[in-house]
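Chain IDs A, B, C and D follow the sequence of writing; residue 1 opens each chain.
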């Protein structure tokens, strides 16, 4: 299992801040396909994905135990 | 009479921080001539002159009661 | 307190300036970002900040490392507050010390630009007639041009 | 305290930041100039600052006016300390508030550059083997290159 985190506007779209999903072995790009199927408001490019607190590439492969986060455009400061 | 003020290195050259002098009617340029005669270490261009707390031009004329200061290169900050 | 942190209470900026001061520092610059009441004619009631805390602290520390490598002799501390913030509250503080002043200004400005690029923190503006996650293009209040 | 002043006691920088904060300010920059121990390989024991106080305060206020005219919406406070200062002591503080951050950085840096041009304040460096009024080219310590 991997744990998925949602923040800010994305969290309001999913209605959850965190969920456990069985996506080990999939790429980040495949994660996006999965997320857009489940949450129709999601759009690729509307967020970056972080794996274990580092920004990930679309081709990166998820492993069991990974902590994955959807990072919408940041607006700190 | 006008009052003359000396600061920093210039004060060490004159040995006084302030003196009253009878130079009303003279220009700032003439003040410099007077000062260089009295204090051989003085050199035109080694300081600016302020009259009543504003930087003065060489052609400005001193009036009785003026407060005049020799301002060596500043180094605040 | 840590040199790079997300906090939930009011920020005391001087504490971060003290953290970067050293005998070889001739200059310290401090930036504080405050909640502003008016933005483009729309009045903000308050703000709510959210962060992905562990990653945000890691990215703040990364910005500090980038600066200390790029500008020799600098030292950096950054804190960002999350939760509900009222008008004039400090959202972020950046303190940079350096032997010379030019560097202290440049490095400080670099830090705020990088925070706005890579640190997972989000701001929600709350107005009288609506609210919006900034960065999200939905739910604009009427009358705001963008 | 005044927004533009020469002081003889330790400077509390936060007091000047507080002085410039307003609801319309989104950014406050603060610069503090500190006594640095080492300059070009020469160790400073302490510094002595002297000012032509009434003119210096007038010129600091003039710099504030220049900034508030050039950068709309800014507010400025500046204090400079005189007398004997030890390593790491604050010699000068500049606080600038502005609606936006870019301006707050630019205006703050402008202030320190102008202080070094027009404000009648002088610094004497005291080393183990000598002393010098900075700006005066005499009595350099041996070993210092300039």
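The rule is short, and it goes like this: a contact is a pair of C-beta atoms (placed from the backbone, for glycine too) under 8 Å apart; a residue touches a chain by one contact, two chains touch by 3 or more.
These figures come from a predicted structure and were not determined experimentally.
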Steps needed, at fewest, to go from chain A to chain D via touching chains:
2
Greatest Cα-centre separation from chain C belongs to chain B
Rounded Å distance, chain B centre to chain D centre (Cα mean)
25
From the mean C-alpha coordinate of chain A to that of chain B, what's the distance rounded to whole Å?
73
Between chain B and chain C, the Cα-mean centres are separated in Å by 49
Where chain D touches two or more other chains at once, by residue number:
33, 101, 112
Quick one: which residues in chain B touch 2 or more of the other chains?
77
I'd like to see which chains touch which, written out pair by pair.
A-C, B-D, C-D
Under the definition above, what is the set of chain D residues touching chain B in their complex?
33, 49-52, 54-56, 58, 80, 91-92, 112, 115-124, 133-136, 138
Can you name the residues of chain C that touch chain D in the complex?
13-14, 17, 21-38, 87-88, 99, 101, 104-105, 108-109, 112
Which chain A residues qualify as touching chain C in the complex?
5, 7-9, 12, 50, 53-55, 69, 71-77
